[in-house]
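Okay, so subunit A shows up in both of these, paired with subunit B first and subunit C after.
And now, the complex of A and B:
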């Protein structure tokens, strides 16, 4: 078959990670490399103590070979995540987190825990955030109708998580409405 | 030193050549890129040219997209071909319908992939490569594989939809404008094959009135009428016969499957969008960055214009 069954209804988390890995991230290289043309653009030159921005997948690869240090993005810090969590718990809406925060933070915490400060605290904050946001998105199911549902600031992995159920539920509501309106005409 | 700087030159020139050629048609691909490679190698002598090439390349991008931008109304002028393809790939994965084919974009990316792999082959031949050089080659190769994955997944998603809607594509003229010639040929062959198969396996042995693949609803005997045993017996056989053929068709996927445009999708506004009208005088104006769940039919036009993306 042209597309495996598992890929038909939705995108998979590894695919989302692939997309997220195209984002740029700052590194401190430990090797020198000349400016190189890649399909996604030209990156480099790498000169050991100087910070450079390269795609995340490249940084992961170099990090695994111990050829660079990754500079954690600003949002991957205890203060920022704590403020997000506070906002999450006190405000009705979703807090402003980067769209692909879940993928990026997972990869960084797996690959480069030594480049991030207080990883344990960050891990538990991310987990709390995830739970708080998940609870909110489930409450959002209340407002689901056949027209439109606004979900601003929801992140890509969270959308992927609620997608099957929400899409199905909306489909059923549309069907019910269609059936009701045809019955009215009869 | 000379070998490494020469190879650096090659990379730069490859990049510049890639930019210049981004829009050339697929037919001219091989001959043109060969020409540009020889010219790239000819540049070898002076290192000073590197930055100039890069600069002129980037201005040429702007010059190229400049005049077309207002007409096509592209979301971001500086969006790289790869991120464009990634966006189209995700859209295609989420949309219930087949979206317009991105032939030119795909051709230019495939061309770029081929040039990058050629360059890798060329550099691999060099015996005096340092460790840094190895890492560089490996990174380039890795990117090529990543891009190949996206290209493959994109094409396969389209193929899946085309096979699914093959019979519908053959009857609908508007959907045919959105697919490439090769895809249309595939759809017609697939539709023909399944027709043939259905006919040979089931339809030819059905009575005349039922022996064609139309969308007519399947007759269901009413359950509440007379209850004479003979009635039940005759109708039961008919019913069994129908349910058998129906099930068979069902398992082979229903004959004329249409895209369900009322299926809900998650949309992300790439810029401020004009208001969308819902049926009952309800409008929604999406600001840039807005995320929303709504039926595909409402945002189809915005998606085609590139105002929104599916996530």
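And now, the complex of A and C:
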């Protein structure tokens, strides 16, 4: 393959962001538009001020043209994130965040900070969450073995970050492992 | 890290020499070990590269000793603290300690082989977390930062210099991955990169 080494092991964060942009999100349109067919499906009609669900990429586009307000998802709120953070700090496992929470929350905070309540608090909570979860996935390294590794509720971006070296390390462990029974094959 | 025919690492690992003790006299083969004698006499010792040692050992013409990088002294040091051993110094440049170890392990009998495997796995696991930690630390420093973490003789620096080639690969991939994440988190604030 002619791809550079760094792109062979996993997809890049911008690519994940693109994937996450296919998710539906609720908006309050400020313009009227008929039901329109896109490759990924038909969305609309947009009738202000009725709430509609459209893909994130479309919401981004409309928002940047100031033609809609974005309704922040339920989980993107101080209370929910705070409870997740508490769980993260007190429980051994990962808390139940949406699979693509990192991508969606970053995009929304970037383009629509005016539609989200107390953005500063949310930003700092997200950062804390990320750090707490990173510390846990590091602990996962300790338990790494050649067979399997179970880190449930890890989200897409986090999986993607640890994938290259976890996979590599597991491969190495497989090579270094030797069962007493393999003697016959040698 | 594999025994693939085309794997450069495996080829390089086979270039390492191991000490073989011949069991019988082999005429006209004295040049193998670089000596000046005509014949290899029984019970003489020669340094033989691994690619050649396979056939000699499997044909039962010679026994081989566990090479220096895996001697008891090193094993004890690794058992005490895997992170304090400088693996890169144990083997020559261009080869990896793990790759070499794997090659030796495959040649050993059952009992010794399993013991060796356990040692390799324990060492790898014991060092892994530090390798990744340091990789992420260096990714966080950005392209400019370098010798930030406490001088040239500090423990992290020593550890980094002692990384084996296999660990270096891991270090690089972890660093790259971490750097990409950082870049993504930092860029595009305010939606500037998103074009209308």
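Simple rule for what comes next: the second predicted complex is superposed on the first by the 171 of 186 C-alpha atoms of A that agree within 3 Å, B and C clash if a C-alpha of one lies under 4 Å from a C-alpha of the other, contacts with A are read in each partner's own complex, and residues count from 1 in each chain.
Simple rule for what comes next: contacts are C-beta pairs under 8 Å (C-beta built on N, C-alpha and C of every residue); 3 or more make two chains touch, one makes a residue touch a chain.
Keep in mind the model is a prediction, meaning the values are calculated, not measured.
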Using the superposition on chain A described above, determine whether A:17 touches subunit B (first), subunit C (second), both, or neither. second
Partner chain in contact with A:172 - subunit B first, subunit C second, else both or neither: second
In the superposed arrangement, which partner chain does A:89 touch: subunit B (first), subunit C (second), both, or neither? neither
Contacts of A:6 with subunit B and subunit C, given as first, second, both or neither: second
Please work out whether A:159 is in contact with subunit B alone, subunit C alone, both, or neither, and reply first, second, both or neither. first
Which holds for A:61: it touches subunit B only (first), subunit C only (second), both, or neither? both
In the superposed arrangement, which partner chain does A:141 touch: subunit B (first), subunit C (second), both, or neither? second
Just subunit B (first), just subunit C (second), both, or neither: which does A:106 touch? second
On subunit A, the footprints of subunit B and subunit C overlap at residues 61, 65, 163, 171
Quick check on the complex: what are the subunit B residues that touch subunit A? 4, 8, 11-12, 14-15, 18, 54, 80-83, 86, 90, 93-94, 109, 112-113, 116, 131-132, 135-136, 138-140, 142-144, 146-147, 149-150, 153, 156-157, 159-160, 163, 262-266, 278, 282, 284, 289-295, 298, 311
Given the complex, residues on subunit A that touch subunit C span 6, 9-10, 12-14, 17, 60-61, 64-65, 106, 110-111, 138, 141-142, 144, 157, 160-165, 168-169, 171-173, 175-180, 183, 186
For the complex, give me every residue of subunit C touching subunit A. 1-2, 98, 101-102, 105-106, 109-110, 113-114, 116-117, 120-121, 124-125, 128-129, 132-133, 135, 166, 169-170, 173-174, 176-178, 180-181, 183-185, 188-191, 194, 196
In the complex of these two chains, what residues of subunit A are touching subunit B? 1-3, 7-8, 11, 15, 18-19, 22, 31-42, 57-58, 61-62, 65, 67, 146-154, 156, 159, 163, 166-167, 170-171, 174
